[in-house]
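The letters A, B, C, D and E name the chains in turn, as written, and every chain counts its residues from 1.
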Amino acid sequence: MSHANNQAEKIKAISGVNPLKCMKCGKCSATCPAFNEMDIKPHQFVSYVQNGDIEALANSKSLWKCLSCFACVERCPRDVQPGRLIDAARQIVVRTKGQTGLAPEEIPELLDSEVPQQLLVSAFRRYRR
Amino acid sequence: MYKIAKENLPALFQLIAEDKELYVPVNNGGQVNFANWTESSQVDLDTLKSVKSPKDAFFPQSENLYTCYKDGKKIQIEPEELQNQNFVVFGMKACDVKGVEVLDKVFLVEPVDTFYAARRAHGTIVAMACHEPEETCFCKVFGIDCANPVADVATWMVEGELYWKALTEKGEALTAAVASLLTDADEAKVEEEKNAIHAIVEKLPYTNLSLEGWNGDVLSEKFDSPVWEELYKPCLACGTCTFVCPTCQCYDIKDYDTGHGIKRYRCWDSCMYSDFTMMAHGNNRTSQLQRFRQRFMHKLVYFPANNDGMYSCVGCGRCVEKCPSSLNIVKVIKAFEKQGGDQ
Amino acid sequence: MQRIGVFVCHCGSNIAATVDVKKVVEMVQMEPGVVHAEDYQYMCSEAGQAKIAAAIHEKNLTGIVVCSCSPRMHETTFRTAAERAGLNPYMVEIANLREHCSWIHKDMEEATKKAVILARAAIAKVNLNTPLKPGESLVTKRALVIGGGIAGIQTAIDIADAGYEVDIVEKTPSIGGRMSQLDKTFPTLDCSACILTPKMVEAASHEKITIYTYSEVDKVSGFVGDFTVDIRKKARSVDATKCTGCGVCQEKCPSKKAPSEFNRGLNTRSAIYTPFAQAIPNVPVIDRDACMKFQTGKCGVCEKVCQAGAIDYTQKDEIVTQKYGAIVVATGFDTIKLDNYDEYAYSQSKDVITSLELERIMNAAGPTKGHLERLSDGKHPHEIVFIQCVGSRCSDDRGKSYCSKICCMYTAKHAMLIRDKYPDVNVTVFYIDVRTPGKNFDEFYRRAVEEYGVNYIKGQVGKVIPQPDGKLLVQGSDLLDNKQILKEADMVVLATAIEPEASVRKIATMLTASIDTNNFLTEAHPKLRPVESPTAGVFLSGVCQGPKDIPETVAQAGAAAVKAIGLLAKDKLMTNPCTAKADELMCNGCSTCANVCPYGAISYEEKEINDHGIREVRRVAVVNNALCQGCGACTVACPSGSMDLQGFSNRQIIAEVDAICR
Amino acid sequence: MQELITRAKELLENGTVARVLGWKAGDLPYNPEPAYFTNAEELKDFVYNGFCGANLSKYMIEASKLEGKTLVCLKPCDTYSFNQLLKEHRVDREKAYIVGVGCKGKLNIEKVKSFGIKGIESVFGAEMTDNADTLTFQTIYGEKTCSYAEAMLERCHVCKGKEHVIYDELIGESKDTKDAERFAEVEKIEAMSPEEKFAFFQKELSKCIRCNACRNVCPACSCRKCVFDSTKFDSAQKANVDSFEEKMFHIIRAFHVAGRCTDCGECSRVCPQGIPLHLFNRKFIKDINELYGEFQAGADAETKGPLTNFTFDDAEPSIVANR
Amino acid sequence: MSIKNEEFRPKIVAFCCNWCSYAGADLAGSSRLAYPADVKIIRVPCSCRVNPMFILRAFEKGADGVILCGCHPGDCHYSTGNYYARRRMTLLFSMLDYIGVENGRTRVEWVSAAEGVKFSQTMNEFVEKIRSLGENVRLGDLRCKN
């Protein structure tokens, strides 16, 4: 329990989001382009963090389905910004997994000039920190 | 006549301070003023004039007179102790010494000011000749010889050596007390120094200022002169001139509530201030013109009228240097001279 | 020197159990000025008060200190007691030995010591007290109501019925306000016009009410009971005394392209117009920006067709100056701009509308003559989606942080009316919460769901996407089903947040009435004085104070009227004597004090001053005692210390400080 | 200067002004005094040179009470003080004919003397037309020189610029003499430990003789009766009896002029004990600039001063401990 | 709880505005929320009534700490008083810091009429702070010391 609390605190600290501000309007889920791919929906993310159930979040598909388009961040009327919470949860997972990802110098040769910049940025958001 | 090398002065001060309080010109934050000597004091004998005159040594800017406090329902009064320790003021200039003489005329006549008298009795003045008088000096106008200070001890700084000559009994006593540090000297060098100083004094711009027409007889003529109307205008009504002056002697008496008693103290006052001599009915000088006139009439007319012609200005020139509006007693004297000439 | 009596209260054991009251009595007797000291069980009791009165008489007391409970509790009690005994009530000071001492300390010695110090501070203060007398000011028996909506109308009628003159200032050409734009009202569904119009007529025909429409408040000076107000009557270009209201001018006016404000810009009106048929007064105005005569100099049709010769192109703004005793602000609301809510496609599609626009569409006098149709193509809609909380309850800077309060109910009303009139239309409401506190409100909402089959979905809409075929694709979430919903709609109605009418800022500044961060006027107290502004003599009616529905608005309008009547009923006002006072001899006339005065109580006079024999004319500060509330901001702003506060003077406070630090 | 005198004569003759407020040559080469001139004859004593540091704006309080207009010579920095006085209704714009005089930095005779230059008989290089980088002094003790810039008043090193913010006409060229950071000294103190700060001010303030020159010269300290002279706060003092009193006096004085002080530097110029009094005022100016937005008192005569103004989200006082 | 003689007992002056903080102190009292007796409260109509001279005066006469309590910004009974007080105190405290007076001898706290707990807590904290700073020697008049 205390571990879970700890994790939740971390997420709050990383994201700078106070999940208690959520009024449960569901606009995040309403606006999410990846909604149907997600097992835990964006609005549920908020209550998971509120309730400290980080384990479930960490193991969810949603974590990796979020496109980091930040539509929810943009439209959230309460500044709760589920996108940031998801982002923070990812970081926690990535951090605990250790440094198995790409080294920065390996990236340039893997790049395709056709790939839009935005995709790259969101890929970074999702997978490395 | 004795002498002591300049580098031995700290030892001299040390010796004097063993059983006496010692006041010397000290540089504190870039300004030289007389202050209690301690080993860490930055003594400055080269600066001609301290900002404030050394009159504080005898007539401090503020001093407690007595304390009263409540003891149950009774009120107890505890007078402040009078000066009972000997002290030495070292490095006063001829004008400042003369300034003390002016204060004596005020405080030592009946009723004697016991606080002042006690300090005078316990104080020994070691005066120093002015090595390089400045353009603001005009002591000669008041018959003061800055090369020949008249005090308990007179000293001259010549070529790194301080020549020392006791002039009074008190001076002899002090000389005896520090004799171990003094060596005999001849007066030739000092005479040379005096001549050099006199030569400089002759070149000073104010040296030949004339006091003609200033004495007690001209009271109403001066008082009613239209010249004041023009003179006072730039005056800011601050008290700088009075507070740096070696002869200004006015004070106010005030009470301070410490929460567990009342301290009655006196502090310098300035006739330039609007609340000077404020009484229940108000003030008898309501305009700055009147206040401004008061200061100079006092120094040049009222005081000499009551003190056998002794002016209460000694020509130290501090007010000339420090007035924020560049007003001063010299300008006043000159303005009247000019007016007289014009008529 | 004062002759001070000190009265130490035991407050039963409340004080006496922790503070050695006998010791306090003994100690305070040593204090300067104290000629009498005693203790008693309950000083506030009749017997206790009698003791105080007796001591005042016997010892010729000029000041008293009561060491008891908080002055917030019994200061008035003891002041009154002193006054009855012939002592000026402001010669009483309280040392708070209960709340600030005995109740928070346990150690008797320590508490007693502190009690003595608190008593000393009060004694030190009372030594410097001076008798104070409340001032008096006359009350002008006339009220001004700013805003002619239902709030303003109701307040005006209530005040007028009590027998006082009332002026209504309304900036649009007609009274009626927002309510006149509504079609039906919840929860009874009666027709808005049917209940409002009689009120408008009543106000217009009331002998005590004067209505200034197309007018604005230009300047306010003065203070409670004695305001002077400049009202700017904007040039109507129509002589109201001649106009018969026949309407021919409006018919004949060739310029009909100006958007109709009354219909929220959904259609147009003529350049000479009355906003709506039942307008009061039924006198048109010429919109000079839209009028060809004013813009090009060529036209003059209205003048030609007017039988009454009422058209006057040369009319100018006119300033009416009037005195008032009370001012009621009833400036109402508007809907917020939706520029920040691109996701709802309001600016992209004509078929995304606000609820207020829907009101006009539903209204028989509206742009569609009451037919529910899409504004883009005039087609009958089959699927309508309502989105709640658009711009309300937002903590970001796009919208408003508060709940607009009325949306849940009017949306239920709209849904119900549509389902009732057009059973073929499906109505879906996306909501976050449905808030229905109010008499018969929840029942009303439940009827919408249960009887009219309105589909309520808990979840917010993320975006509205206009489709090439003219449909609107609504993407929302259904939180209960945990689904994202995509719904094709023909119309989308946004429950747009309401905000105070923009003009209220200027009015608040003129009145020196405070305003909160959302531009709602602040109450004097949020619970106990909800219809008064902190500025004396200014009252709040309707939505200018906070979101409200019609019944609440009318209730508050009545309450504001009662408060205003209460004020107007007085001939004179007693003013708090603890006001600021400038020492003329020392005043620099620098205006610093006036700059910080929240009440505009300080003005300047050129006055001949005799300063110890020097006579000269000086600019000096003068405090209006009726306006000054005694905060003391000016006293600290004043560098010379010329401005002081009676009852809390510099020397009094310093005496307290000294006594405490002793 | 000649242009100034010619113009003054003209304005006196054609009746535009009733008097001229400027500087009169002193009896030493460096002590001109503020003076009124009412005719061409008197104007022969008019002088305007590097030693005319006095800010004449405060004299306009009294001059505003006189019949007719007063021609007042104001340097660029003096005009700020005039504006501030105007804002506070202490001077009458209608009674002033402001000639904005050029300024190339004003000299501090104390500074000159601190270079060991004494017995001064005459000075070269201080006239406006001299344009000299070096001052040459003929003294009883021989010819001495010093750099003009080094002999300038502290305020000229942080010059506010050549612009006159209010005037009727301009005469003479100005030079921006700024060669130091305005807040450098304040920052230096801010960086000290509390003990060092305390020691610094204790040392400086211990010199104070309560002559009130700083207060009486200050254009912002224009109160008819100062709180330290009145009974309003039981705070009247005439001399520093205890080290607390000079602190009380200087803190409160600085506080009373906070947001009104134009940083004209007169307090430091006139202090007979050379106390850098501007450090108090400038600290407030710096704080005001940092906390409430840049503010220059006297830049105009309308803007609300920072202490008679506020915003809803001003810094809390606790910011002092957390900075 | 008896007082040890050698323990440093600071003198603390608390200025409280009549409408919020004084009432908050009353609430602390009626809720029996203890704070040290070193704190003595002076009632002022509004925090904006507190002149910097009062604060310096308190120090002059021997206070070791001075705290000013007023309504929360936005809640001022006189609508704007505490905004002025906030600026004045910020500048004054900054000046005290600048001349070397220990940080923490002065404080401003906004306490509403409902915040009895906050009042008590604030006073406890403040007294603790002043005790840790010790006697005020930098800003007092020596004549007032016993």
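Just so it is clear, a residue touches a chain if its C-beta (ideal position, glycine included) is under 8 Å from a C-beta of that chain, and two chains touch if they have at least 3 such contacts.
Computed from a prediction, not measured in an experiment: that's the story for all the values here.
Under the contact definition stated at the top, the chains bordering both chain B and chain C are D, E. Taking B-E and A-C together, the chain pair joined by more C-beta contacts is A-C.
Centrality by Cα centroid goes to chain E.
Relative to chain C, the most remote chain by averaged C-alpha coordinates is B.
Chain centres here are Cα means. That of chain C falls 34 Å from that of chain E. Per-chain Cα centroids separate chain B from chain D by 30 Å. Taking the mean of the C-alpha atoms as each chain's centre, chain D and chain E sit 37 Å apart.
Centre-to-centre spacing of chain A and chain D amounts to 61 Å, using the average Cα coordinate of each chain. Looking at chain C, one finds that residues 517, 596, 637, 650, 654, 658, 661-662 touch two or more other chains. Annotation for chain B: residues 256, 259-260 touch two or more other chains. Counting only residues that touch two or more partner chains, chain D has 225, 227, 233, 241, 307-309, 312. You'll find the chains touch as A-C, B-C, B-D, B-E, C-D, C-E, D-E.
On the side of chain B, the complex with chain C involves touching residues 70, 72-73, 257, 259-260, 282-283, 286-287.
On chain E, the positions that touch chain D within their shared complex are 51-53, 56-57, 59-60, 73-74, 80, 83-84, 86-104, 106-108, 138-143.
Those residues of chain B that touch chain E in the shared complex are 256, 258-260, 263. Interface residues of chain C, counted against chain E in their complex, comprise 70-73, 96, 98-101, 103-107, 109-111, 113-114, 117-118, 121, 514, 516-517, 522, 534, 578, 596, 598, 629-633, 635-637, 645, 648, 650, 653-654, 656-658, 660-662.
Every residue of chain A that touches chain C in the complex is listed here, in rising order: 21, 23-32, 35-36, 41, 43-44, 71, 75-79.
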